[in-house]
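The structures come next, written out as structure tokens.
After this come two complexes, each holding subunit A, first together with subunit B and then together with subunit C.
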Partner chain A sequence: MKNQKLKMDMASKIAEVIEASSAEFTAQCYKLDQSPPLGSLVKTQDELGEIYGVVYNVETHSLDPGRRVIARGENLESNEDIFKVNPQLARLLSTDFKVMVVGHVQGKSLYHYLPPKPASIHSFVCTCRLEEVRAFTQSLDFLNLLVDVRLSVPVDEVTAACLRYASQAHSDPQGFLVKAGKELACLLGSDTRRLNSLLKRLK
Partner chain B sequence: MKDQNSEERTNLGVVVSGSLTRGVEVKLDASVLVEDMVVGRYIAIEGEKYRFFGMITDVSLETTDPRAAIMPPDVSDPFIAQVIAGTTTYGKLRVLPMLTIGGDAAGILEGPQPAKTVPAHFSGVKLASQRDVELVFGAEDERRFYVGTPLDMETKVCLDISEFVKRSNGVFGKSGTGKTFLTRLLLVGMLQKGAAASLVFDMHSEYGWEGKTEKGYKVKGLKQLFPSKVAIFTLDEESSRRRRVSTDVVVRIGYDEIEPEDVDLLRQTLNLTEASIQAVYQLAREFGDRKWLEAVLNLNDDDSKQLISKLNIHDSTYRNLRRGLDNLRRFSFLVSRAPDNSVRRILEYLDRGINVILEFGRFDDFAAYILVANLLSRRIYAKYRENAEREMGGEVAPAHPLVITIEEAHRFLNPEVSSRTIFGRIAREMRKYNVTLLVIDQRPSGIDSEVMSQLGTKITCLLDDERDIDSVLTGTAGKSELKSVLSKLETKQQALIFGHAVPMPVVIKTREYGTAESYKELGFLEAAEMKRKTEKDIEGLWA
Partner chain C sequence: MSLDLTKLVGQIVDLATSLKTLGRERAAKLDFALETIKSSAAEFNRLKQRVETSKTTWLVAGLKETIDLRRAAPTCPDDLIVLASDGSHIDVDRHQSASCFLINIGVAHLQYGRNPDAQLFSFPALYFKDDEMVIASPNGQRIQIEGQLLGVKRSVEECRVLAEQAGELKTDLPLVALLDGSLILWGLIGQAYPDFVVRELLVDCFLKYLNKLKEFSRLRQLAVASYISFPRSTDVVNVIRLAVCPYEPVDCDRNCHDKFGGRECDVVGGLLDRDLFARLLAPGERSAIFSSRSSVVMKYYGAQEINFFYLRLDGEVVRVEIPLWVAEDEKLIGLIHSAILDQCQRGLGYPVALSEAHEQAVVTGADREQFWGLVEQVLVEDKVFLESSAKQQSKRTRWI
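Let's turn to the complex of A and B:
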């Protein structure tokens, strides 16, 4: 019964965890270039519960680290033609995305902090439905995980993207952004410059 | 604008820091517009055990990051403006907790007590509700007189008149800030509550019959409002007649009533030297206390020369003295022998509980005012003192309290003369003899600090001179906070009251005075109404 439910939820699965740690995990997309957008909320599920994360980096690369991708379209009309002419490419390349863990569900409760265990390897990753995004972003406690983290990409870009994305799930997107902005203002109160640039990205 | 009720419910913010002496700091919530917070408004703070009642003494703007002041965020963007309001930039209030109201039944029965502690961290802060203000200042009753309303509130602020008259009091304020209106109200209050009889030295003849607003409207004086309880005495019959004032008594003062001390007080006004004053005492010894003035004024040149050589007075001193004393001749109320004893007449009226207003008419200069006020008060003082002593001996009933109102008080109570005038003495000790002062002045810094410190209740309109403000607030708890309140008063119809007769300092918008409705509220009956009432009373007598 439980397994059945797990399967149902996973109907919108898009990727699979291929690397996991307590604070983040990497997922490989099933389809090339079909990653969720930067800043979007995704979740992965295993027997222990659900883990929520924010997509912070998307990368497409060659599956074999020894083989570099080379340019192939010099004599072709369009981008798509490259894949038509080289059908093997879709199998040789892969799109991965990195997710920062921002919360989890245990039992029926939602927590805006790191789970006790990292995501299980090979567990499925799916994008969250609007109501899930809405439920998760009712509380903005996860923002403090986001603003304090050190990432390989500019973290404020991720935060802004995440809030823009989440605002769409709310009935009053502007109201949500103001609330989130105020939360950020509290977190970044002593750094007006950073706050200002972040706020400008929220529009 | 929000209405009063919705404002009452709004949380303004939370207490974040502070102390009892400096007042607590309140961080304003983002939803509260800093511009709505006005210095002098009342604040209720819900502490753990007590409810605190205080007053806003300062409003400030704060930022979490000093750099925000150097590189202001782009507030033309409504989103950014909305986000930073109340977060990185916020308003802060300084609230001086003044009273505590206990949360338990005993505390409520006890009533508001002076605050001896501060509310705990993050206690909720609200604007004081009408009920809070009523609880603190009480409702109008047979002791309390309604003087005005707190800023932005409809509640009445009442002055405990029976407490008020127990001490000397002061009304201060720059010229044109409403001292006269306020004083008129206080006089009405004392009259209405019957707490004391008033003797008003009315320099500009504006309390008794009729006064004028700055815009030129006429306002009724006390006699018009309460004809049976007020008597107008005048020094200048002609002026009173021209103004169609119905006077009760014309005051005449005999030269024989002027004593050397009276001239002493006039030293500055009459431009006399110290040596001249010494000469006055010499002359009084020569001619006798009651005759000296007339004798000196009637001396011819030869007699003068003889006299000064006899008394060893320097010629220039004598000339200086004569010039000064000749000034007194222009006062037509001074006669060689008064037909009637003015002091006795005044006392007769006061004994019957009738308020006496002495109009100066055209003699509205300082020389006449100081001379007459001092001379009469000295005699009245003596009588009250005598009475009080006899009362201690159990011979007579205690006298009805008397309040003497003087204007331009710094002329009587400056450090140089205050120890010598009768007013200085009244301010210091006459409370024991049931006489107190109501001093009205625009230059409180000129008043002896010893006298200022004895004033029970001080009511002050706008003052902007630093020294004046300092002298008014001397010895008051929370002085620096009140200072900012005082200097921000509006120029009209606003006053800060603090001291004995109110539980805490309060800024009021003075009660309306001058409209038909206001007269009615004060208890004035139109002629027709008065007639009806009298007829009814008579009927009642026979029924």
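Let's turn to the complex of A and C:
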């Protein structure tokens, strides 16, 4: 029964976890270039529960680290033609995205902090539905995790992208952003330069 | 200590000088060879007969068309499937605890046209049972499959998988099935393998799979070929040797056994077929079709007799080998010719399907180490303790 539920929830799976640690995981997309947008909320699920995370980096690369991707379109009209003429490319390239873990569900309770165990390798990843985004971002406690983290990409870009994305799930997007701005002001109170820069990105 | 390159520099300079001299000699020989081809075109039938009646110590191409024939490629069909297989192996290592070998066959299935698609996969297989690792005759003689014979076994497996995959295709698009290397199992020649070994690998397997492909070709347009990059063959140059041979009948052992290096035909010695066709053909053109008169082909291949042509690409001249049933069908030759050119254009000079099949098949040095590591791990976990050699241990732990 439990497994059946797992299957139903994951009907919209788009990727699979290929690397995981307590604070983040990497997922490989099933289709090239079909990653969720930067800052969007995704979830993965295993027998222990659901893990929520924010997409913080997307990368498309050669599956074989020893084979470099080369330019192929000099005599072709469109990007699409490159894949038509070289159908093997879709099998040799991969789009991965990195996700920062921002919360989890255990039992029926939602927590805005790290789960006790990392995501399971090969667990499915799917994008969250609007109502899930709305439910998760009712509380902005996860912002604490986001603003303090060190990432390979500018973290404020990710935070701003996440808030803009989440605002669309709320009936009053502007009101949501104002509330988020206040939360950020509390978290970054002493760093006004960073706060101002981040707030500008919420527009 | 690693290789002392400073002691080699002088010798490498000598090598370069020697190559330069050889290059000049070769250019003069090539001019002569081309002149001979031109002048012998009128006597095609006489030359053809000479080929068939000669007794030579070298391999001569069977003539079907004049040597200087050139053909441009027809248009490659838009909707086309190219299927290729390639293999690699890990040989039996007598220093390892477990006696086994591995063959990994890679397959690329590329579909072009209205519904472009690609499937890339590999079939690794471990051979460890006694009857898998030897070829046995009915009277109990046993030949171990390892070394060169394993290379032959791998070629057989490449052909088996190619035939299997071709048989599974459900569409009716034209299909080109490609193998890398030669369709002639050269590894079986010159090693004095007993006849039952040749029959088991060649007649009962390789030729049977080629025959399967022939059967599939009755249901759809299907051509099979093998592709040899940078060929070192001299079958056609040796026809020129026959053309200039002053003896009638041609019989190397009788007429020239004591004249090594000073024979009349040595005026074209050292030339390769690819040198000839680099001058005879324009980019994209193929040569005439020749037949292989190799002893193994003539003795065993029968209806699958191997024919071949040379094809000039932008960067090199390659040899394409085809079975007789492809060679006798003008449409299939055209399909192979145009598809290989198209594949090479897509693959920056080398057929993309073969290149991807190779990528699926390749076993790197690191793979090899991991493989043997895994074998040992599983044996230990299953409490199977086998001996391994001290030499192997010493290679693994290098000390001073």
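By definition in this document, the second predicted complex is superposed on the first by the 203 of 203 C-alpha atoms of A that agree within 3 Å, B and C clash if a C-alpha of one lies under 4 Å from a C-alpha of the other, contacts with A are read in each partner's own complex, and residues count from 1 in each chain.
To be clear about the criterion, contacts are C-beta pairs under 8 Å (C-beta built on N, C-alpha and C of every residue); 3 or more make two chains touch, one makes a residue touch a chain.
Just so we're clear, the structure is a prediction, and the values are computed from it rather than from any experiment.
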Clash or fit (per the criteria above) of subunit B with subunit C on subunit A: fit
After the two structures are overlaid on chain A, angle v-u-w for subunit B, subunit A, subunit C in degrees (C-alpha centres, nearest 10): 160
Which superposed partner A:64 touches (first subunit B, second subunit C, both, neither): second
Subunit B versus subunit C as contact partner of A:91, first or second or both or neither: second
Touched partner set for A:152, first subunit B, second subunit C, both or neither: neither
Which of subunit B and subunit C A:83 touches, first, second, both or neither: second
Subunit A residues touched by each partner, larger count belonging to subunit B or subunit C: B
First, second, both or neither for A:171, with subunit B first and subunit C second: neither
Contacts of A:202 with subunit B and subunit C, given as first, second, both or neither: first
Shortest span in Å between Cα atoms of subunit B and of subunit C, once chain A is used as the common reference: 50
Subunit B and subunit C footprints on subunit A, overlapping residues: none
Of all residues in subunit A, those that touch subunit B in their complex: 174, 177-178, 181-182, 184-186, 189-193, 195-196, 199-200, 202-203
For the subunit A and subunit C complex, residues of the former touching the latter: 64, 67, 83-92
List of subunit C residues in touch with subunit A within their complex: 108, 110-112, 116-120, 346, 352, 356, 359
Residue ranges of subunit B in contact with subunit A within the complex: 30, 63-65, 67-68, 71, 73-74, 77, 79-80, 82-84, 86-88
